[in-house]
Structure formats: structure tokens, C-alpha cells
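Presented below is the structure to which this report refers.
Read from first to last, the chains carry the letters A, B, C and D; within each, the first residue is number 1.
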Amino acid sequence: METMMRASVLTGPQTIELQERPVPEPGPDEALVRVGSVGVCGSDVHYYKDGRIGSMVVEGPLVLGHEVGGTIIAVGQAVDPTRVGERVALEPQRPCRRCRPCKTGHLNLCPNMEFFATPPIDGAFCDYVTLPADFAHPVPDSLSDAAVGLLEPLSVGIWANRKGGTVAGSRVFITGAGPIGAVAALSARAMGATDIIVSDPAESRRQRISELASARSVDPTAGFDPSEVEADVFLECSGATPALLDGLKALRPGGSAVMVGLGDEHVSLPLQDIAVREVTLTGIFRYVDTWPVAISLAAGGQVDLDALVTARFGLEDVEAALTSDSDPMSMKSVVVVNEDS
Amino acid sequence: METMMRASVLTGPQTIELQERPVPEPGPDEALVRVGSVGVCGSDVHYYKDGRIGSMVVEGPLVLGHEVGGTIIAVGQAVDPTRVGERVALEPQRPCRRCRPCKTGHLNLCPNMEFFATPPIDGAFCDYVTLPADFAHPVPDSLSDAAVGLLEPLSVGIWANRKGGTVAGSRVFITGAGPIGAVAALSARAMGATDIIVSDPAESRRQRISELASARSVDPTAGFDPSEVEADVFLECSGATPALLDGLKALRPGGSAVMVGLGDEHVSLPLQDIAVREVTLTGIFRYVDTWPVAISLAAGGQVDLDALVTARFGLEDVEAALTSDSDPMSMKSVVVVNEDS
Amino acid sequence: METMMRASVLTGPQTIELQERPVPEPGPDEALVRVGSVGVCGSDVHYYKDGRIGSMVVEGPLVLGHEVGGTIIAVGQAVDPTRVGERVALEPQRPCRRCRPCKTGHLNLCPNMEFFATPPIDGAFCDYVTLPADFAHPVPDSLSDAAVGLLEPLSVGIWANRKGGTVAGSRVFITGAGPIGAVAALSARAMGATDIIVSDPAESRRQRISELASARSVDPTAGFDPSEVEADVFLECSGATPALLDGLKALRPGGSAVMVGLGDEHVSLPLQDIAVREVTLTGIFRYVDTWPVAISLAAGGQVDLDALVTARFGLEDVEAALTSDSDPMSMKSVVVVNEDS
Amino acid sequence: METMMRASVLTGPQTIELQERPVPEPGPDEALVRVGSVGVCGSDVHYYKDGRIGSMVVEGPLVLGHEVGGTIIAVGQAVDPTRVGERVALEPQRPCRRCRPCKTGHLNLCPNMEFFATPPIDGAFCDYVTLPADFAHPVPDSLSDAAVGLLEPLSVGIWANRKGGTVAGSRVFITGAGPIGAVAALSARAMGATDIIVSDPAESRRQRISELASARSVDPTAGFDPSEVEADVFLECSGATPALLDGLKALRPGGSAVMVGLGDEHVSLPLQDIAVREVTLTGIFRYVDTWPVAISLAAGGQVDLDALVTARFGLEDVEAALTSDSDPMSMKSVVVVNEDS
């Protein structure tokens, strides 16, 4: 067993260094995981480019990456030792388990949460990570390493649709045909939505998402009247304020809007219209209990995560991976840490 | 049986005339009600002063008043004739019963709704009105005429708390200690809320609501830090934008905000904060199935509606009633149409 | 326009007569529908064979049939006249719209309900029927006449899964691989269930349902241990008491059991086990707001209703249709009333 | 600090011995509590008399008692040391926090649960106990020691009403006017139920519960027709099968029945009636997140727990306490372990 490992570290503004670090040791309830594949998330890009997301600020060296698949290579004393060798998807959160949110089904809102790649907690652009063993979810061999990592963004899509109340027969309106819009649409489809409409100004992206998720698509800049949509659920996945305003108009009375993409800090909203139509507006933050369903959907073929991957990089090229989203047709870049995890 | 009746009619901007009109005839499924008491609502005042509320514009003569108690004096052929003589509270809405919202428990969102005192539908500042018999709810003799009319604003309070998810043990934060804040607080208490905090800048109103609803009160202008409240539910009942912004801060993560008072058409909101704390924002529009519980609460003594009445007027003094809210200590003005309904 | 029509009438115990009857006239809010295809339901068979289902007793001539597709050929004065010519699926219920259940989203529990083919209300084994126009749901041309009729049993499957709480990722255990088990499984799949297990003693039926609904199947008579299933939802679709008892054991703690098939009037249940595992037991009766989603699922190809049809009969052969379920491999028999509806 | 303590131990069938035992030491996340008062529960009596409850069998010495109030006198290293001296109510469960039920808001269904006074886990008829510090809930000084212990049965009542869906305006039917019926009725009232009907054959008990909980009461043996009740919620608190059958009839269509009392292992139920009226039947097992609301209700005066206490015993008289329920007017016996906790 090695004692040192590679870690790709954000050491300063837009500066990534490949460093040597000690391999971490699993605590009693933890698993040590050899990292296979890690997807690149918009939040990684934000920390790399801006050094912060809202009130969360990078103040020291930070390992990014939280969309992780790998293999358990050791476990703590309180963990079933037969789990060594298991291929797993990592749920990258470590809630306290003792606060009221944790004990009532809202662990995503735990005030003591430690979350991968959120300052000052390190993420997974490195060879080995530890995590609570119950947050390492076993996956079938039929899923590729990249797909295992992308169960994390799929979880975001599932959680967004749960918050929005997507059910069989729902009409779901999605703004933004990037990676978040894609997992939102794929999740909506898997949850039984029978009409999914994605709005994006770029034709090439509209075309791609229509194929990926059996969605209709619309160009918001070309005479589109959102008030004719009458959606049950609206998932804002672009971060663009005009998209948010479109989506609110696109909802039927009593419909639900969910902010999934990170948008402007303050936005002027048509509150009287929201009130008299009893529209509901909320956002999402992490997720609760999404891996079991995400794994089932991916393993059962309802969702094809490999189709989302548009570029692959090695651990030595994390910086290139973090800037690869400048291509508007980029969907998901993946860092392959260990080929044969 | 009389054939003509008195009606207090809004005939132009800030102009009320007492007119003679024919007594209406009940349709097959309707009841004819002799009006006893009618509460004055902020929406009545808006139509009187501004001629509109948002997109709803007064374009012809309009009878105001929709908080109504009275007595059934005739019924249509499809209605149980023994109901004649019944004292009733009027649920002032006439949904189509055939649209999808009507058939799925959301009749308040019926696109074909005809609602009392909402242009061009007449209200109840008059001697007689008709309504669907199933929206005339029988009330016990123990309730005063005024209280019977005020079951309508109590219904608003109940619906607001239902939308907000108030349950036993909830902490509820309310902005605005006027009549809407009062029914919101009374309803919250009746639904089991164990901590109710009302914010209002006027000390006299704070004191009054503390007594009425066993609520704590705070002065938002005096060093109050809303982020320490950690409320489960926030009910905005003032229409003031600063109050709305306070309330959003006062919610715990995962809490619910409900806009009850009519505020500005557009408001700039802290959307990132709403999203990362998974706060939910919605509003209310009318109500569904609130009279049975409102009647039970008032009849059982859990809610004292008579305590809300601060002034009484005759039908010939509707204009005075509509301007009586200029007194900041005014809570509910009531128009006594027929003393002995 | 014809004035007389054919009607297949249950005139006595196990006696069906083809009679001439006047074509009904639509009321103001109604549509007159030329019947295309009518599926045969187990309840039709019960009324034919036993003259009753529980407390609902046939006491006079009765037209059976309530799984109906057809074409609107006339409408009442309050209905949009452009609907004439529309192909429609019939939701065979006529609630009062005025009781509390009707107004709160539970019209299936309306105490004044008139339901097709439930004594003394006639059904649709005849050329023409009337119904409230809002219960005649437009369908796309891509659906066959038989499929349009079978939206009714699909509605049963959808309602059963809604009651059971099936969501994306659910494991659903179904007992009985007949027509009700089939629509339950198809609905579960469409609502995102990722593991569906159907129990039936007949191998041929197990094989068929596995193909129809991508379900796993088990033989309850061959060493099957239900306690290993750990299902989220259990849908009893066989009417057999041993199946019900199996299914209760098959639920995880906190799981939900729904009685869909008609079983014994009284059954001895393991109540302590239900209590300490917080299992929930309920049943279903009709449905609310299922046609829109059923139509979407069938039109979108998520559910193939034509694959359920195992036999077709003419209106003159209703008796043969009603006895066709003696073949254990019978799934759905369909009465084709008018070829070209 | 003492090192030995008194413990009242069930050492054999209907045999209690007062023994000396070492004072336990708190683990890192635990609190050591000096026990003040412990209520006697029906389950304690079952273990004492029968040596078992269903599949849970006493196989060695067991300390009973799980309705506990006391004072923190020491804490583990991970616990805020300022908590020493805090008066607390004990939530007597120790879930694993790592299973799926624990992480999704259903910790009461944790398969690894260790629960006070449930074999082989000791309870609190002794001077000192340890528990996870987050399950020791701080209480205000206004609550008596006995009341603090009785927050546990109040939690049962709250959980029963939550499961049953009691809300403001509910009509709640309760069978059994003993201690469980009492906390069920008190909780229903606190959650806004406006009509509570308690059925019990003993007039003295009916009279007492009417006063305690502002409930109506009925004698089930005297011409009572349960089908006229039309309750929204039915809470079975007697364990008697005829009461359960009465209650099912007393529910309106769509109503909910909850088994709170421990009844017969198998009961023959009218399943067709349950199904066609869409009645829901479930039971309860422990509770989730009830102490905060129970404390609020007791501290705010909505629920008077002291009024439930009908007898007090010392730790040396646990056996007398366990047999005190032979008096039909016994409500709650309390063991005062340390007067001045």
C-alpha cells in the first residue's frame, strides 16, 4: 500500500499544482477509496476562476472535484471488511447526523456539513479519498467509471425534480441546455414527465438536448411566448435572469419553480403575479437520498450518463479540464484519475 | 316578499351611491340570502380608492363587500327547502366546477371563477344576494352576525397557514399587525403554532396583537435582527417590501414564506440566499375548504372574531366604512346591513 | 341522426339481451358519444355472474361496460360546438361536484356519484351514451379505439400507484399477473419504478407480464420468501387472501399496501406486524384526474395498451365477451361496438 | 461523584430486585443524566407480567422505564460542557444514524435501534443513565419532573396524530380513555382538532377524559352507532378488537385509522369496506422529532401533563408501580427516583 499520492491542488487564483500528499487513513466508520473518475462541475470552475461562490470563499490550498467514482481499498474498523474491492459512487457530503435537519430527513441543510471541494474541505482530484462508508454507494459493473462519477450531477437533477414535484404526466419547462439542464431533463423523463420543453438560445445545444432527453426545445429569442407553455414545473438551469423571468411566466397557476443554476444574487421578480397565481419559487442545495434512485436509473438504462461526456483529461491536466467549458458545446468534462480504479 | 332592495354601489372613482335594485332570484342550485353583516376588506378599499387591483379593473358600477353573513330566505328547486331560515356564512366564490383545477382540489385557481366584489361581479353591500347553496355554510346561533362575516378573513388566515405549512409546534413570523396579520396569527395559534412573532413598527398595534393572539411582537425599526428568528413559516401581511425582506431572513433553512398582503408589483429579492437555504416563496389567492374549519374554530372559542371589530356602519354609510381604515388602530370595520338578519 | 340504437342489456342472472333503445339526448353540459370500443372489466363479469359486488346489487335491467372510447357526435348548448367530431376517452363517472369530497380533490368519494355500469346506472355496451362533456377527454389519432377504451384500466393502475406512493426508484411488488396486475405494473414503470416484481402461480402469465412491463416475476408457490423483497409499494391485484398476506410481508418498514383487486369481504390480518413496522394499508375506489396522464403515457409510447387485448367481440356477442376470462391467459377482451367510431 | 448506583431490575417473571450497579460513563457524544422521574408505561407492565411483547422477549435481567426526566451531570468530550446542570427530557432511542431510514427522516424504523427498556437494552428505573447528548432535550424550569418524563407518552400522542393526519378542524375519534387515549386526545386538541370523541365503556373514565381534553365521550355499549361519527382520523388506543372495528366504521371515506394501543396479533378486518371507502390503516412505532413540539406544548400550557399523574412511587417500589394499573382509574403512575434531580 502506497503512503503518498498525487493531488491536484488549487493553490491560488487560477493556479493548479500537482502535489504529493500523504494517503489519508480511514476513520472507524470510513472507507478509503481509490479514485477512478471525477466529473468537472460548474462550481469547480467558479472556485478556480473567482475564488468564491457567494459567501463560500477559498482561503487556502483546496483540492477540487466532487463527482466521484472509485473503488474501496480499505475500511475502518466499524465497517464491514468485505466491502474492500467494491466499486462505489461517492456521495460527497458529510453531515453531522446530530442536528435537527439531519434527524428529520433534511441532511442537505445540516449547518455542520462538510462537503467535498467546498472550502476548506478538500475534494477528489487526487488518488485517494476517505468518506463515511455509508456515503460510498455500491454500483454494478455495468456502469462505466465516468458514469459512476456522473451520478452526482444526476442526483442534482433528481433533487431538482423532487423539489419541483415532477410526477408521471408532468409538463416540465427547463431553461438552459447545458449539463445541468441535461440532468434535469433526464431526471424529469425518468420520473414520468411526459412533456419536457427546454429553452436555450443556441440551436446546436437545443438539438443535442432534444436527442439526449426526448425533449422539445424552444428558442427564447425567437418570438417565444412563455405564457402559452402552462408548465407544471419549471427548472431554471441557466443562471440567466431573463430565463428565470420567462420560466415564471411559463408556469400554470399553482406550478412550481426551482432555481437549479446559480444566478444573480438579487433579481427583481413579479411578486404580485407569483402571489395571485399561487406559484411557488424555491431553489436546491445538495440532495438527500438520491444515489439509490440514480444508480437504479443508470443501471436500468433509463438514463445514459456516458452520453454526457464530451472530454476526458488526466489528473495532470485538471487545469485544462477546468477551462474546457469555454466551448459552448462542452457538456461534461471528466478527469480520469486512475484508469483501472 | 319584497321585490326591490337597497344596494350600495361604487359608481365612479371614490363615489358610492345607495341605489334601488331588484331583489335577485335564486337559480336552481342557489340560495337567496338576506344579508346581515359585511366586513370591509382592504380589497374593497383598493377598488374604492384606486379603481383597480393589479389587472382587475373596475369598469362599471360595482357593489363591493365579500365578508358576509346572513340568513337564507329562499332556495332554488334543486336545494333542500328546509334550509330556508338557516343562518349562513357566505363563501364568496363561484367556481366553474368543470375545469381541471376545480376537479382536483384547487378551485381557488379556477380560470372561470366569479368572485364577489371583483369586477364585474357584484358583492354584498346590499340587502339580498344569491349564491350556490353549497357555498352558504350553516353557522351556529352562538356566532354573532359580525363574526359570521369575519369567517371570510379568518379563511384567509387559515389558507395562508396551510400554504405555509404551519403545524403543531411551528414558529411563525408575521409582518404587519393589521387585520390580515391578526387573522394569520389567530389561525396559526389555532393550528398549533407554539411561537408566533409579529413585527410591526407601531407600538399600539404590537400591543393589541400580542393580546389578541398570544403572540410575541417585535419592532422592526429598533435593532431587530431577523436572522435570529429561525422561523418555520413566514406570513407577509403588511404589503411592505422591507417587511418581506426581513421575513425571508427570518426563516430557517427549508422554511416557507407566504405573501398574504398585497405588495409591490416587482421586488428585488435575494435569490441566491433563497436557493442555498432551500427557502420556499409563494402567495395565496382566495382559499379552498376553509369555512368548515373556520366555523369550528370560531364556534369552539379557539378564535374570537368579535374582538376584531373596531367600528360599525349602516348600509347608508359604506363610504365612511371604506375610509375608516385611515385610523391606524382600525382593525375591522363592519357594515350592518340588516340588524336582525 | 338515428333515434333508436342497440343496447346489450343484463336482464337477469347471467342473461344478456340485445335490445332497441332510444338514443339519449345530451343535457346542456353533456356530450353525446358514438361508442367505438368498450373493454370488459372484472366488475362487468361480477355483475353478470353474481348480480352484485358487495353492497352494490343489480335490481333491474342494466347495461354493462365502462372502459369506453368513442366520438362526440353532438353536444349540449353549454358545450363548445367545435367538439363535435372529436375522438374521446370516457371517464365513466358523474360526481355531484357540490359535496365536500368533490370540492377538495376527492370526487371519487362523492356520495352522490353516478358511475357507468354500476346499478342502477347504465354503462356503454350500446351505440350511444351521454356524459358530462368535461369527462370526455380528447385523444390523439395515434391511439387505436381499443387503446382509448383501455385508458380506463390504465387509470386504475395509475391511481393505485399514486395511492401507494410509487416514485422514481421505487421497488413495487404486485400480486396477480392478470389485467389489473398488468396495468399496475405498466403504470409503476411509467412513474419511474425501477424494480417491479410480479407474483403469480401461473408460469405462462408470469412470462407474459415480464415481457409486457419489464417486470421480474416470482412463483409464490415455489419457496418464495416475501420478507426478502423489501418493497416500497405493494399492489394487491389478485383478490386472493394468501397473496395479500404475502405482500404485507414483502413490504419494507414504512411501506404501503394498496388493495386493487376485489378480495374477500373479511380477512384476518397480522395487525401487530403492520403496526410495529408502520406499514400502511388502503384500497382504491375509482380515480381522480388520471385521464390526462394516461393519455400522455399512451400517446407518448410509454405504455402500450393494444398489447393487452387478447380477444375482440361484436356488440351482439357481449355474453361471450363476459365469459371469455375463463381462459387463464385472457388479458383484456374488447367489445367493438362501432368499427369506425 | 458516586461510582455505584441503585437499579430496579426485572430479574425473572414478575420479579423486581433493587440492585447496586456501577454508574455508567458517558461516551464521547453522550450525556450522563441523574434520573429524576420515570413514568410507568403499559409496555413496562407487559414485560413485567408476560416477559415479552410480540417478538421482543426478555431473556436476561432488564431495567425497565423509558419515560424519563432528569439532569445532566456529566458529558462526553464531544459535547458542550456548559450543558452540565441542564434539566432534560430523555428521548429514549439510540438509532444508528447511518441506515437509509435514519438518513431520510424515519429513524424510528432504524433496524439497528437500541431503545430504552426494550430487551436487551436497559431503561431508567435507576439513578443514572447515559444517552446521546442530542437526545437529551433541554426543558424549562416551569415543567415539573413528572411532566418532563411524561413528554414521552405525549410524544406518542403527537406521533399518532401526525400519522393520522390530524389538522386544524379535524374530527378525531379515539377508542380507549386510558393514558394513551388521553395523550392522543390532548395532542389532537393541541394540533387544532375541533371535535374529539372518545369511546370507553367505563363512565368514570369517560368523564375524566372529557374534562382533561375537552372531548366528547360515548359509551360503545349503549346503542352507539359508529357510522354516524364520520371522523377524519381514528386513533385506536384500547387494544380491544371491537373498538378497532367500531373505529373503522366511524371513519368518513378517505379517513385514516392508526393503531396506537397494542391489540391482538391477528384480527379479521372488513377489507372490502376499507377498500371501497379508501380508508387507510396503519400503526405507530416510536416517534421522530416530537420532543421539540411536546416541550413547546407543555411549556406553553396547551397540554397539562401533571394532570395525568394518579400515583407516585419511590425507586424501591417499582413493583408496586408496575401493578398499580389494576385500578381502572389509574392513569399514570410515576416513579420518583431522585426528588431533587
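The rule is simple: a residue touches a chain if its C-beta (ideal position, glycine included) is under 8 Å from a C-beta of that chain, and two chains touch if they have at least 3 such contacts.
Note that this is a predicted model, so its numbers are computed, not measured.
Minimum number of contact steps separating chain A from chain D: 1. Interface comparison, C-D versus B-C: the higher number of contacting C-beta pairs is recorded for C-D. Separating the centre of chain B from that of chain D, both taken as means of CA atoms, is a distance of 40 Å.
For the pair chain B and chain C, the distance between C-alpha centroids works out to 42 Å.
Taken residue by residue, chain D touches two or more other chains at 106, 292, whereas all remaining positions touch fewer. Against chain A, the residues of chain C that register as touching in their complex are 158, 161, 167-169, 187, 190-192, 194-195, 292-293, 296-297, 300, 302. Here chain B touches chain C in the complex through residues 29, 97-100, 102-107, 132, 134, 288-289, 292, going by the rule given at the top.
The part of chain C that touches chain D in the complex is made up of residues 54, 101, 106, 108-109, 111, 163, 244, 253-254, 259, 262-285.
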